[in-house]
């Protein structure tokens, strides 16, 4: 169940260099949305839509929040939309995170952090969010996470903010001293692979959010295949419908 | 309110707009937006004899006003289509076109035979899939092979038979004449143009299959030309497709000679595209005093 | 500052960027923006034995991210080119590629012979013009005819010979192998895809010639695919063209296997396109530690 | 000699329904411009530029004025540009009107009126401008023409403003009682044909501005052919370079 339409942008800010943060008033889509789902945003001069993860859902205000990075000319065009402009979106799409009543650790790398905000908010003080960025200038969303009541653990590759090191090291450390029921992760494939193996080692359930080049976004075209392993055999699931969130145990991280 | 009914290969459609095979699944993903009964018909996901897992990803690449795909006929196989999808589809009050593809002539015939007793309204024989090793385009680029596979399917099944042609040929009219002579009741064109994109950062093709099929508005002028040439070369009706995204495109394609049209990649950009095109055709007819849309088929006057 | 020199058919170009025939005239219209010496070379307006007035207008139609043209080789004829244009061009310090087209094999040979003693650096034999009745594409869609006309031109003239291929064929690699075997020193591709648009108000084709050649970004993926296939099928170098509008497109085309590239329709949108592409290639090479642009030719690694 | 670049729009207004009036600050292009020439304006989402006639030239202010009609999605996109936006243009292009020191009559039909403003201004009170429109609501530029000192004769098809009738009737009438050295005309082909034959009858020199589907706009691609007759034989001239202004005697009005 999803909606398509033109909806007004009611908030916009630039979080970090090349990272944009927009809030769209789309009550019927927000009403249906769950943490971990995504939207297909249209950059008018491009043929295909851009799949962007949902960062925040406010069912009361009827808004969806998107924090995206300018990666190419399509996201660049999206970044030029301003408050008051309408954006053509299809949302909510895909299969989101499984919410438990236990304690969660959310691990986000770079632009993989935004989808962590939505799921972390579901847990509040039952969640710790480990975020990794290149450097201090790339850090985003830490205040939002704290506002949601989550514990935040910040890592940067160059040590210019928070812990000097990778999220995986921080995760290992965190798990030593904290009971954890589920791990959520989004970020570069190598990071997801490492997080998944740590989760396996500690036999903690782990869900990862994947990316893939996408066309329809609703499960019709079978374009956005992801390689999974089920009962020992390789199967192609689809990021837009079976995902973007998958059980880490099933994912073939090297494609 | 104009009369939007059209007839293709002896089958009447309530309107000329049909989502193209591979772009609409079996319709399940779009039912939440509008009833499938709005559609003239649905050409369902390409079906093969046995289940196919499809090609290794990435399968999609964007291009200027178009896209490449190399899905590779991922589908559950004919049995599954007949048992799990068709029973649901027949309740939707729209025409069902079964798109079939085989890696051998025998496979195509076997597939057609399986559909003989089924509720599908029409068979669309795909002899032009650019994304599979055997069969696929190989069938669609040689007149004799195209004729042979058409004949085999014709003999295996009495359903109205439409053959989907490849644009990656020197003369699509020769292929069309050959399938017409071999018993096809209609032809549909164009399938995708073979294309390629390279990621200059990694120096690898964007598609894991290296090449893929180009569709979208970019190919529309090629499609209009081939539909025009083909409609003037054969007596059987032509179902036109390739880059149609608006009602005006659909009208243009019908004036070129298409008795009905298929909408494909445009659905990815706008899931409402098929119904917007249906409504737009109706408005266009009313604005232009066209009582029945079938009147405009092939009405372009060449210079 | 990377080394942008490339060699094509034994001729060295200061950079790989060449305005395509028919899109740049003889350079006169762009000299007021930048010196022609910036260009790797110029493929001049297609030249025929005798003056041609070209096709009746309209000759241009816009398409999604592309355009159709049916100019029909309007030109003043070979004598006029040699007496009025070439003397001026040779002073511009850039390579001159004479693009020739004939309606018969003999005409092509006669044209080539006229250029033998001239100052042109290379001949581009156009066997793929979609907009003329005789010759044109007819030469480019049959291996034997393509080979025969190439052989006739080869024998008539000792200049480096590049043959411009049509994409409107089932197998461009077969045509390429045939012209290679007949003495071509290089091939250039792709010429335009045959397309059509219809004005739904008048129900007439937009182009008076009914059909025309499609170019622009829309065709880029088809061009990359054909250049990649051809570069892997022949030993002679390939000059890549078809929808290139940015330096990144040029790099992509070279990675696909093009030793040099031609820029066509992009010039209509941005008259500075050739120099912007040259500067962009240079910057891309510097950013990526590429000392000489020729290093990247054919470096795509297929899956 | 022409320029290409991004230039700021410093003035914009809607003259009549679907008619937009923009002023662009482009000193180096304005410096070179002559009445009757045109510019190639870029609508970013379209591949080819739109040829738009120059309505006004102010070499002091360094501006060019364009009054254009929204005919399709390209001109529609151009109409959305606002003051402060930059527009990508190539100008001045083509061969303009021949300016004489005699008395002129300018005949414009609908969106053929804008190019008349520039040439009429060259004549001031030595020019009469006969403008034809569908109805009063479509009337544009009459004040500008009067401001330039020209006599204005307004015709509408439905009589809702000015004379009820065609420009050609008004032209015939005007020529009865006014010595005229040259006639300039721009508008639909049937109107141009009629104006040309009237001019021939009175043996008055006549220049017409033609339109054609165009690609390069500078004379390189030979796309925008116009059918002329010279020494009895049919030749193809090019609207972008040999035109848009042609001697009416040479033009084959039925293509």
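Labels for the chains are A, B, C and D, by order of writing; each one numbers its residues from 1.
The rule is short, and it goes like this: a contact is a pair of C-beta atoms (placed from the backbone, for glycine too) under 8 Å apart; a residue touches a chain by one contact, two chains touch by 3 or more.
Only a predicted model underlies this, so the values are computations on that prediction, with no experimental measurement involved.
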item: Rounded Å distance, chain B centre to chain D centre (Cα mean); value: 46
item: Computed distance of Cα centres, chain C from chain B, in Å; value: 33
item: Centre-of-Cα separation between chain B and chain A, whole angstrom; value: 36
item: Chain C: positions in contact with at least two other chains; value: 56, 61, 63-66, 216-217
item: Shared interface positions of chain A, touching two or more other chains; value: none
item: Chain contact graph, described as a line, ring, star, complete graph or other shape; value: ring
item: Chain pairs that touch, as defined at the top of this document; value: A-B, A-D, B-C, C-D
item: In the complex, chain A residues that touch chain D; value: 44-45
item: Chain C residues within the chain D interface of the complex; value: 22-25, 28-30, 32-33, 45, 53-67, 69, 71, 74, 206, 216-217, 265, 267-272
item: Residue ranges of chain C touching chain B (in the complex, touch as defined); value: 56, 61, 63-66, 68, 141, 168-170, 193-198, 200, 203-205, 208-211, 214, 216-222, 224-225, 228, 243, 248, 251-252, 255-256, 284, 299-303
item: Sites on chain D touched by chain C in the complex; value: 1-2, 4, 42, 46-49, 74, 90, 212-227, 234-236, 241, 255
